[in-house]
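Each of the next two complexes has subunit A plus one other chain: subunit B in the first, subunit C in the second.
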Partner chain A sequence: MKRNTKMRILSMALVAAMAIGSLAGCVSEAPAESSSAPASSSEAAGGEASSEAAATGDVSEVKVGFIWPLTGGSATIGQQHNDGALMAIDEINANGGIKSLGGAKIVPVVTDSESLPDVGATQAERLITNENVPIFTGCYNSAVCLPVAEVAERYETPFVSQGGVANAVTESGYKWVVRVNNKATYDVEEMLRGIDLISEENGIEVKTYALIYESTDWGSDNAKIWKEFADERGWECVLDEPVTVGQSDMSSQVMKIKAANPDVVNVSFYTPEMIVFSKAMTANKCNPPLGIWSVGGGSQDPAYFEAVEPNEYEYNFVQEDWNVSMPYLYDWAAELNEKVIAEKGYNLNSFFAQGWTAAYVVYQALEAAGSLDKAAINEAMHGLNITLSEDDHTILSGYPAIEFDENGQNIHSTGTIIQYQDGVQIAISPAENRTPGYSVICPIPDDFDTRGQNSKPWGTPPEVAAE
Partner chain B sequence: MNSNTKGNFLQGRFFGLIGIILLLVAPLPMPTYQQHILVLVLFYAYCASCWNIVCGFVGTLSLGHAVFLGLGAYISTVLLQQLSLSPWIGMFVGAIITCIFGVIIGYPCFRLSGPYFALTTIALGELLRIWVENNEYLFGVYIGGSRGLLLEQTGYQPVAFEFNGKIPYYYVMLVFLAVILYVTYRIKNSKIGYYLVAIRSDPDAAESLGVPLARYKLIAMAISCFMMAFAGTFYAQFFRYIGPTRIFGHALSVQIALIALIGGQGTVFGPLFGSLLLVPVTEFLSEHFGGELPGLNLFIYGVVTMLVVFYMPKGIHDYIVRFFSWLERLIGISKKPEKQKA
Partner chain C sequence: MNMLQSVLLSIPHGIIQGGAYGAIALGLSVIFGVTRVTNFAHGGMLMVSMFMFFELYTRLGIDPYLGIIVVVPIMYLFGMAVQKFLITPLLKRESGTTQDPASLLLITVGLNNALVNLAMMIYGANYRNMPTKASTSYLTIGDAVFVTQWSKVIAFLASFLLAFALWFIINKTELGKRIRAVSLNRDAAAICGVNVYKTYAIAFGLGIAAVAVAGACLSEFYFVQPSVGDTFGTKSFMIVVLGGLGSIPGALIGGFIFGLIETVGAQFINTTSASMLSFLLFMIVLFVKPNGLMGKN
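What follows is the complex of A and B.
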């Protein structure tokens, strides 16, 4: 038989196998088995039967849905959210599961949005109608959170939105959606308050600013809100530079920043663009006196810190969507940090912490509801009032509390502004969160020749003298 | 079977009839999620069929066809949100504008050949995407910029193209698909179709025989764009959210082209076969591997697609038709066709 014929037959066989497999997948109903491992298909227990059982308090497992961008532009970020969520579920199950449901174990059903809105919406459809999850969480990207919230609302299924900062997620009148993390407005407010603080402390008046951001919903939203707040302060925007994703070089954009000579630069990029931007800024020795302020995204991703040199993020300010001091403030967070380093190979970070907190919020809603009735869970979810403490592991993200307003937005979701000093994250703002014994380095020194030489590896905790 | 010869609308009538019956009744006993997948099957089959009219018959490769889908989606959605115009009407407005836009774009582009046309369509898609991402208003009308447009739920309103459940969406899309398949069949078996096939086979020879290349390419483009805009309206109403990054994005264009190429370009049913294979397979792989082994589903999908492109370059259409013709002969409901005389 000729090689081409063989390959043709192989191709046909593969096509046939895939078609048959997908048809089989469409009609098969998986057995109900107990497992704490993530179920990416209908392999876990749950469904209508469990919903009915839960009404009588007789349930051994509860499926919970997770939608993360595990592939696509936000893959590394999504993976860390997923790591956090799954480790939280492991801990919850190890501690006895959902006690109000007779110790029912949570079975995570993890799906991949591919960072695409229609794929995310389709996965939400699957979780709700095929896997019959009574509550689910995700999706990180605002563009995915929005259509997924629509699906949740249509099917009247509680949805804990995690990550999507677009104001519309909680300001579109949804009754079945809550958001644990900051919305875009809060993010920007925190940064601007941070700039106010350090400019006052260092006697530097801010007059001009530049915006550089990826031209996606998240980047544009951030830039627009930044402009509104900056205009209120009377600052002048000397550069407004949206950047198309997928750039391999940003030298021209950085040259524009240099030419505009702003006092401060605000940047919002996901990981790939953040890497390119940081390298271009350092290569061109661009050094705004009040520094580069990033609204998270790529500058919170461990993958970013693996790809760049320490001198490329030294002195940068980052609005972290979690309290970076958590491992130093709480014993359980410190233990968890060790565990994450051992198992995942990276330090606790914003994405892991937020994935963890989202999973715990789902658990708390189920615990408070004591039922798998979606309306009861939704009511319980909206009524949650959790305070950060040593006894409750819910708020790894470090918010002082979780309490939702009438729109479903957590009114206590705050972040921390940090500055990288010798490669170490130093909490700067709000002032009460400042790492003891440290001050802000500002104006940013023009030390490109020596910058980063004494940097410690990313994730090294600050040395804080014992009181 | 030669896909270029004039054949029955349902080649392999017996199984064709069974196929039609299946398409009519298949979603009824299915759970909602499977119905959702079936809607996507029809949606992508429809889009690929639109692509097929201009690319399958003319033989040019468009990798920016999502642009026309996006335009249809944006126009009908803006008309709905700004003027409360029903998407049923808005989609025709969108189709007309998209058709004009397609012809304007096609006029210079069809003078390019080979990879240049494909590159131009990619550039067009990127251009429009970037422009929409960076502009919230067009002549004072809100188009959402990079945030896209969110369609508020208004409940069950058929007049506003909003239904409860998936079944109505399925049958709407089935009607759309039936129309595009019929249009494709009519084109294929008409003077336009013969001209287009002649242009695809040998443009110089066709031109020397008096076939006006540009005119017939533009006719195909106009029909393709007009029909593609309807898919855009459907996408907006079905997902209730449109964002430029996805809807004008290169990935969607490639996805549509790939379905037609794998199915069998230049055939009536090839895009449907491609969609029937690829969409459920994508969902199946995503469901079973997407969460546990991220990316494996895309890897498998990519490998199989490459094998099909390499070793079944005309797509799966001919193999499927041959298989069912053989099956018909096997069960004795048809005879082996006589060989055509030279």
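What follows is the complex of A and C.
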């Protein structure tokens, strides 16, 4: 009897322990930071069940699905996307909700992909079949966006793919999918145009390059396209190094880079590997003359900058998937930046901005459709034509416009190449976006002993002299 | 730097990295060697110790090496508590019969998930860094021919000290005699008057204290994050199996082999394929020498 009692207590303790775990998982699923806490599912309308109500303007709430990597390798990135999306929904609801649906409020249903393709696909299916969302967005990782796009297609539910730069997301003939941000080809094109510009300005000829990337859809796609564009320029690939995620040290990879002696290195890693790589590059004093170029991922994540020292990212080039000058160009973006700093503790960045824009695009599609019929929303979504302006808060990501081609790819998505100089992001390319008064530091100086000593905290805006 | 140079230089890098792997695996090996429990919460406990070092560093400015004085006793007690309140009741339930591997496995897996998610709730998913003196200063040989962080060199040396300390406790002390007696035959040890479950708790505590020492070394050159144990947890199991379950020198040797394969192997083939080599070797050892390189039949 006594033993049984003990076992019962033990079982209860275990259940409690597991519950703590489950609770932590659930935290990511609850839109806790949104002021528009979800009502009961019967109150929130979505899908076919409420299309009749929507047609008569009798809808008070519309559920919208979000799938972000809130845990796993891309967790910090996913959290920032989620912050941006939920703050956008708050603003939309505060401004009267979806006017074409009688001022219906958007109720975010946030789910966690755990940075895993199968989990992301399951969450998409759950959002569509259980939550009855008429439209949803996510998922950042290319490896997750691809199976989720398949689910959207199968259930004929509009999906705004955010992140997921792999070309296949919009080049697989999907009819229910659009992508607001760059695709991999645009990303790489921007980077190589940036290298062309810098090598021309500084009289340095590029002959060789090295590619180091995580062996996922995103990393592999990026490397493949790099090779295509580099081949066109006659550059030689001296190292092609796919890396399995979960590396605790990259000294061996860095030694291979040193042995290959490339003019320029392109890196595609999410946050944890980017931290390990940057530390290994600095520790081994690896200094390619045209620098280290990153297509984003970890090198855009504020969490990365908390985990590395300024000397470990000084002079690096990053293809930012947004216009880094947004807070200086638009008053509403500047105000939002202050709010984000106060509430979230970090500056506006690529991930927050893109989460925000994705949520706004979902809203714009619902507003334009004026209905909860999925086909009508899909048609409205594909027909969106939005221009960046002071009056419209949709494009925080800073693209000049949003307009989708026949594949669902935004044809106006652009980024900016920046270089870290004394810890500050300096816009470098395209030339017309260059931060006034600054030039590129190239070739990269061999100053490992003093590098980063004068760096300002990450997120410090550049000092631009008044004209 | 040519190919031959990079291969030669990758050897010390591999050995240093292997030392860190071995240090983490040592505690796991001790726990299995004595209690026969495969502790799937090993990575989670490594993470907990790293967050303790992080708190001491950020709140009080205490370097993780110094923090060992505070954290290791706490983790020792934590390990004892886990054994006493979670594992021992299951062992007692199976008393007189064979142990129930499924329930033991599940309880440590559940504990690991609970620890990771608890840390996620408290700290979020961010990566945290401790820019200590040892992590920001480098051992440089020649004109940057061989460069590595001092913290990695210290981790390498610490792995030997840790292995020696564990070996000494188990082989040269009265407590060690009891631990060895229990690991050889717990029923016979009990008949001789040894408190088997108390000895198990001490051994579990020792294993967790050892992983806390490894956590101090690791947090000097790697980031702290709730999922940090995932990276090292699986690797530790493979290292322990490779070196021989329960063998202290085996854990160190297994660590060195893994470190060398990862770094030297990666000079000839890409990193993804080099990782595959580690798994291949692991499978070969399982087939050819199931008790591991240093394991006893």
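Operating definition for what follows: the second predicted complex is superposed on the first by the 421 of 467 C-alpha atoms of A that agree within 3 Å, B and C clash if a C-alpha of one lies under 4 Å from a C-alpha of the other, contacts with A are read in each partner's own complex, and residues count from 1 in each chain.
As a convention for this text, contacts are C-beta pairs under 8 Å (C-beta built on N, C-alpha and C of every residue); 3 or more make two chains touch, one makes a residue touch a chain.
Just so it is clear, the structure is predicted and the values come from calculations on it, not from any experiment.
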item	value
First (subunit B), second (subunit C), both or neither touched by A:116	first
Subunit B versus subunit C as contact partner of A:153, first or second or both or neither	first
Partner chain(s) touched by A:143 [first = subunit B, second = subunit C, both, neither]	first
Subunit B versus subunit C as contact partner of A:227, first or second or both or neither	neither
Partner chain in contact with A:215 - subunit B first, subunit C second, else both or neither	both
Which of subunit B and subunit C A:244 touches, first, second, both or neither	both
Which superposed partner A:304 touches (first subunit B, second subunit C, both, neither)	second
Which of subunit B and subunit C A:76 touches, first, second, both or neither	second
Subunit B and subunit C footprints on subunit A, overlapping residues	7, 10, 14, 18, 21-23, 25, 70-71, 75, 79, 215, 242, 244
Footprint of subunit A on subunit B - complex, ascending	30-34, 36-37, 40, 126, 130, 133-134, 145-148, 150-153, 235, 239-241, 243, 245-246, 251, 276-277, 280-281, 283-292, 294-295, 297-298, 300, 304, 307-308, 310-312, 316, 319
Subunit C contact footprint on subunit A (complex, rising order)	3, 6-7, 10, 13-14, 17-18, 20-25, 27, 70-73, 75-76, 79, 215, 240-244, 246-249, 251-253, 255-256, 258-259, 261, 271-272, 275-276, 279, 283-285, 303-304, 306-309, 448
Subunit C residues within the subunit A interface of the complex	1-3, 5-6, 9-10, 13-14, 17, 20, 85-86, 89-90, 92-93, 107, 110-111, 113-114, 116-118, 120-121, 124-129, 131, 136, 138, 144, 147-149, 152, 221-223, 225, 227, 230-232, 262-264, 266-267, 270-272, 274-275
Sites on subunit A touched by subunit B in the complex	4, 7-8, 10-12, 14-15, 18-19, 21-23, 25-26, 38-42, 66, 70-71, 75, 78-79, 109-112, 114, 116-119, 121-123, 125-126, 129-130, 142-143, 146-147, 150, 153-154, 166, 168, 172-173, 215-217, 219-221, 242, 244-245
